[in-house]
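In the two complexes below, subunit A is the common chain; its partner is subunit B in one and subunit C in the other.
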Partner chain A sequence: MSVSTGSRRALEKGPSGWLAAPALIFFLLFAIVPLFGVLFLSFTKWNGLGEITLDGFSSWTTVLTDPITGNAMLVTAKIMFFSFIVQAPISLLLGVFTAGGQKYRAALAVLYFVPLLLSSAAVAIAFKALLDPNFGLGPGLGLPFLAQDWLGNSDLVLFVVVFVIAWQFVPFHTLIYQGGVRQIPTSLYEAAQIDGAGRMQQFFSITLPQLKYTIITSSTLMVVGSLAYFDLIFVLTAGGPGYATRLLPLHMYLTGFKANDMGAASALGVILVVIGLALALVLQRLGGKNRNDSQLEGA
Partner chain B sequence: MATEIQLPKPPAAVERPSGPGSSPKKHPRAKSARQRPNFLGGLGGWAWLAVIIIPVYYVVITSLKNQAGFFTSNPMLPPTEPTLDNYKLVLENDFARYFLNSFIVTVGSVIPGLFVAFMAAYAIVRGKGRFLSWTNNLFLLGLAIPLHATIIPIYWMITRAHLYDTLLALILPSIAFAIPISVLILSNFMRDVPNELFESMRLDGCSDWAMMWRLALPMTKPAVITVGIYNALHVWNGFLFPLILTQSPDTRVLPLSLWTFQGEFSVNIPAVLASVVLATLPLLVIYVVARRQLLSGLTAGFSK
Partner chain C sequence: MFNRKLRSTALTAAATVLTLSLAACGSSGPANVSADSPSMWTLTGANQSNTQASVDSWNEAHADQSIKVDFFANDAYKTKVRTAVGAGEGPTFIYGWGGGVLESYVDAGQIEDLTGFLAENPEVKDRYLQSVLKSGEIDGKTYAIPNTTIQPIVLYYNKELFEKVGAQPPKTWDELMALVPKFKEAGVAPFSLGGQSKWPDLMWLEYLVDRIGGPEVFNNIAANKPDAWSDPAVVEALTKIQDLVNAGGFINGFSSIAADSNADQALLYTGKAAMVLHGGWIYQGMKKDAPDFTNNGKLGFTTFPTVEGGKGDPANIVGNPSNFWSVSSKATEGQKNAALNYIKDGMYTEQQSQTLVDSGGVPPVNGIESMLEASPDKDFLTFVYDMAKDAPNFQLSWDQALTPAQGDAMLSNLDQIFLNKITPEQFVTTMNATIGK
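Right, the complex of A and B next:
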């Protein structure tokens, strides 16, 4: 029977690798080729329209000696740090809070997750209006200290950006933590209560240690994700005032598509890739070894 | 297995099949009724609600004000004479076309993306050989790279292919960027399909192609839906590709239209905010109807 010989052969080899080919081709063409492309273009001169000409290291010299690049890296690092410090504890606590079964908490959770539906452009536009010193929150509540020029003051703007980022992304991390908390066996809490452990004690000796891998996952996403805060900041501040919120991805975009220096922008792209890979590697090391455990956890 | 008795399960126990033999599972922590209620937690919970809701409330009430009302009334109070004129203005400014564009790009990239990612996940899980493990590693690497660092070469490729300012220019890279996470989630679920099922179908003379559609697909349907929702949300809300790869109003998608509205109607804040509400409305409807699927879709990458 031809079927049986055919299937025996298939039994040994499994499905053909060709099934993976379409996905692979797409990915090679639009992700891997551009990855090498960005490296190549960093050694060229191109204004985005005309001819591409080889230009040696001049884009790199431009980028690396430009103080704006250093500033962009600093802004990126600051936003990464502060948004982590703000988001991590809030989303952890909210995750624990919403995982509790009380009806009112479930009802609150429904509203907590609404920001997840909004595009970054929508969030940025909403906050731009809300933070207006004349027609926004400050005069509305009659609280003068809220009626500042939030987006025009270069000392304040970074924290405003961090706040808006938290507003948009805390719900997502809350969701991750909520899932993590729900995986913790109830018996642990029951045993602790019999032993007379209070709420705080339960939190620190059961909830936190049990959430270890959820914390690693969420933190990795927060840190690596902060390299992708482009659209929100682009619409909210466009990098300003001055260069106060011009972080690396935005600096790359503006260099390439506004200043028409695609060579320098590509060099910035390469820097972005290297930072992203390095961060992912370090975080993988930190949380590493039990990668399988961490995948079993969560919502 | 042989003596498994199918007891009718109480609905609460079906919800979360984690702890063994714990029937009042639904309220894991509320059960501790002896503990005094957590006032501090409740206070924090309500405070965060205020943080989330105030901006949403502000956007909605402002979108219902007329321009004079916006400048004169208290910003945090609802309008005395609510008006839908702003919505009318937004709808008259080609909102339907942008909506349609967003819809085409989302469906056009999510469906083919699911198709190719599903086949790849099936091959990676069921197949053998160096080529497949190499492919899988490449996709995993893709998860670690901030892919939008590559927008400049993508822009170059799209202009070279004469696709600049077309919807296809948005669809093609969106498919590619969704592949790593899609393959990861789908193959994680595919591994849980018992091998015996494949073996017995194989003995019945089923080809790999047939098994993929008749066994693997039905068995991983929840994962497919989850990945679909996750990708759809990302494409629907995506801003960067439209910004660099399209230009004319004919190819404008919703998030970009919000930004251009903001430029065009800069003084008419209520109209700008009405466009924000309108652009979010479809997702809000989906959220109300299918909250569970939507939320599980969002954290799909970490659920297995």
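Right, the complex of A and C next:
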């Protein structure tokens, strides 16, 4: 096969940078420009209707001294932490399980996929009805254990929210892991079998290390995604009872669109962006410096 | 590369939150059929079919001025319409409650002054109960015209459950508290409450403060007088609320019940709760959802109990005098004219008033006594009509009367009171800090 020098150079340089232009323009218009708009608004006073007036740092002092902001951050951190420790192991194991070629596993994989097809609002409405202490699943089936005040008890509600989030998003991460596992060359397992490694040992010595980058990707999406949970919680609990599930994005929305304090809401938005970026960076660092090494050593 | 990609994913994720809210501003302005056909945004629920019927019959007769109507859920509507109006994309007909929100529209120059329209069309002005029409005024000028029914807050009760435990509806606060253990023993929740929506909590505070301290207490708060929340009536009312909560007065899980789902009404007519303090509109809702309950004399209703030693007149009521139409000043001349024509000739026609009465609502207009008398719901309807006509003071719901910032803080803190997370004194301190905001 002969390749002309011109196209060889093109291959080395990769495809034209112009291919990124449409995405870049959209990103600029719908992410960067609003970002600066929000930064500007955070130094103003605006109720959403009348004049926008410059107001210095007063929105920032309001937001940063308000105990509800601190509480919202704490709630966000809790949801992030619990979501991660619930979702990560479950989706990893399910992913490994469904990656197997057996027919029944393929059938189960399709079933596991179903929650992903539903919109967050629909999931929230359904769970709200199921968890209703008077008309829900518990009283309906006559099971007193299920007739708890799931969404009205300040101590329980956080875990209920974590559960519903997990119910909705585990399928997505399962899918990522399933793909990751299927990319591991079977030759690795064959070699391990010949060396006498058991299933457990294969999992810990081959599957897990080979999934390193899949784990990082999935974890990043999980953790940063926690910062964006909004629709589900808004419909399920509206941030209540009290402030028990009022996490940062919801706090921002309620400040902006219920209390009509756009200045403070913008300040909260800026905080949210900063935290999101910081988290993504930290997770990338955790991935280690050798991220460009081949995942398929020995293959 | 990977790093950069993920970083941008993160950025997009974070920014999506922001853009989502911004996108909501511009997403669904009214789809103008023609430039001059007015758009109307209103609520789902009790009066949805009545409004639809009224608009339909108007559109049939006035094809050139036909109105395009859209319905929204209550809580969602309140945020949506404000954002839309702020972006200059609001509907021609803006549905509202009067009070602080109306005032903020007036301040921003977003709605039309209708004083002149009423002066030119005295028949429109004269058709309303003047006390209700007054709720659409800001600084002596009319900006909003009543469009639905009179909606005072009423104490509803389930007669069958009262017979079962051998009790009478409470006339005083002490009687009310004495009923709590009786119903609990019978395995029934004394009160239903849609606590997740927060505004149903407020009905308790509004009535208790009025009964204990009279209307002046809230008038001072609304007038932004310094430390107005420190009135002893507020602390006493909040203490009474917490007493009732601690006695188990409200149904299990009240703080997860949303009023928009009508579950709070369902608890009453399914016999799971004995009483509910709620707006006049839920009669219409129950009539639709549980006609057997409303039609066969199983539903009782009465006024809020008195409080011993209280200063307020027991005939005072709180609630929504009505809902209102305001006309957007950003609409075209054609839209405005069509809107005013509809208000003049299309609303509260004999036929529409009859539809409202048939649905179990009381239109805020004069001369409908005979229509109410002839209705199968006449007990409830005349009760509401007389209540509204004779009330020395009809206090607009506080969350609507105050500015949105104050109203939101009040509802959040009141929620904390119902959950026993803060003391009445803490409530007062926090709320005093919002005065003037």
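The definition used in the following text is that the second predicted complex is superposed on the first by the 256 of 299 C-alpha atoms of A that agree within 3 Å, B and C clash if a C-alpha of one lies under 4 Å from a C-alpha of the other, contacts with A are read in each partner's own complex, and residues count from 1 in each chain.
Following the convention adopted for this analysis, a contact is a pair of C-beta atoms (placed from the backbone, for glycine too) under 8 Å apart; a residue touches a chain by one contact, two chains touch by 3 or more.
Here the structure is a predicted model, which means the values were calculated and not measured.
Looking at the shared chain after the overlay, A:Pro34 reaches both subunit B and subunit C.
Contacts of A:Val282 after superposition on the shared chain: neither subunit B nor subunit C is touched.
In the superposition on chain A, A:Asn260 makes contact with subunit C only, while subunit B stays out of contact range.
The partner that reaches more residues of subunit A, of the two candidates subunit B and subunit C, is B. Looking at the shared chain after the overlay, A:Gln193 reaches subunit B, while subunit C stays out of its contact range.
Of the two partner chains, subunit C is the only one that A:Pro133 touches; subunit B does not reach it. In the superposition on chain A, contact of A:Pro241 is made with subunit C only, not with subunit B.
Using the contact criterion defined above for the overlaid structures, shared-chain residue A:Leu208 touches neither subunit B nor subunit C, since it reaches no partner.
When the two complexes are overlaid on their common chain A, residue A:Ser154 makes contact with subunit C while staying clear of subunit B.
After overlaying the two complexes on the shared chain, residue contacts for A:Leu175 are found with subunit B alone; subunit C is out of touch.
Common to the subunit B and subunit C contact sets on subunit A are residues 27, 30-32, 34-35, 37-38, 48, 128, 132, 135, 217, 224, 227-228, 230, 249, 252-253, 256-257, 269, 272-273, 276-277, 280-281.
Of all the residues in subunit A, the ones that touch subunit C in their complex are 27, 30-32, 34-35, 37-38, 47-50, 128, 131-135, 149-152, 154, 157, 213, 217, 220-221, 224-225, 227-228, 230, 237-238, 240-243, 249, 252-254, 256-261, 269, 272-273, 276-277, 279-281, 283-284, 291.
The touching residues of subunit B, when paired with subunit A in their complex, are 16, 18-19, 22, 25-32, 34-35, 38, 41-42, 44-46, 48-49, 51-56, 58-59, 62, 70-71, 74-77, 115-117, 119-120, 122-124, 126-129, 131-132, 135, 138-139, 142-157, 172-173, 175-177, 179-180, 183, 188, 202-203, 205-209, 212, 233, 236-240, 243-244, 254-256, 258-259, 262, 269, 272-273, 276, 279-280, 283-284, 287, 291, 295-296, 298-299, 302-304. On the subunit C side of its complex with subunit A, the touching residues are 2-3, 6-22, 79, 82-83, 85-86, 104-105, 107-108, 110, 195-198, 251-258, 261, 263, 266-267, 272, 404-405, 408-409, 412, 415-416, 419, 421.
Partner subunit B is touched in their complex by these residues of subunit A: 3-4, 7, 10-11, 13-20, 22-24, 26-27, 29-35, 37-38, 40-41, 46, 48, 52, 90, 93-94, 97, 99-102, 104-105, 108, 110-122, 125-130, 132, 135-137, 139-141, 167, 171-172, 175-176, 179, 182-183, 185-187, 189-190, 193, 199, 217, 224, 227-228, 230-231, 234-235, 249, 252-253, 256-257, 262, 265-266, 269-270, 272-273, 275-277, 280-281, 295-299.
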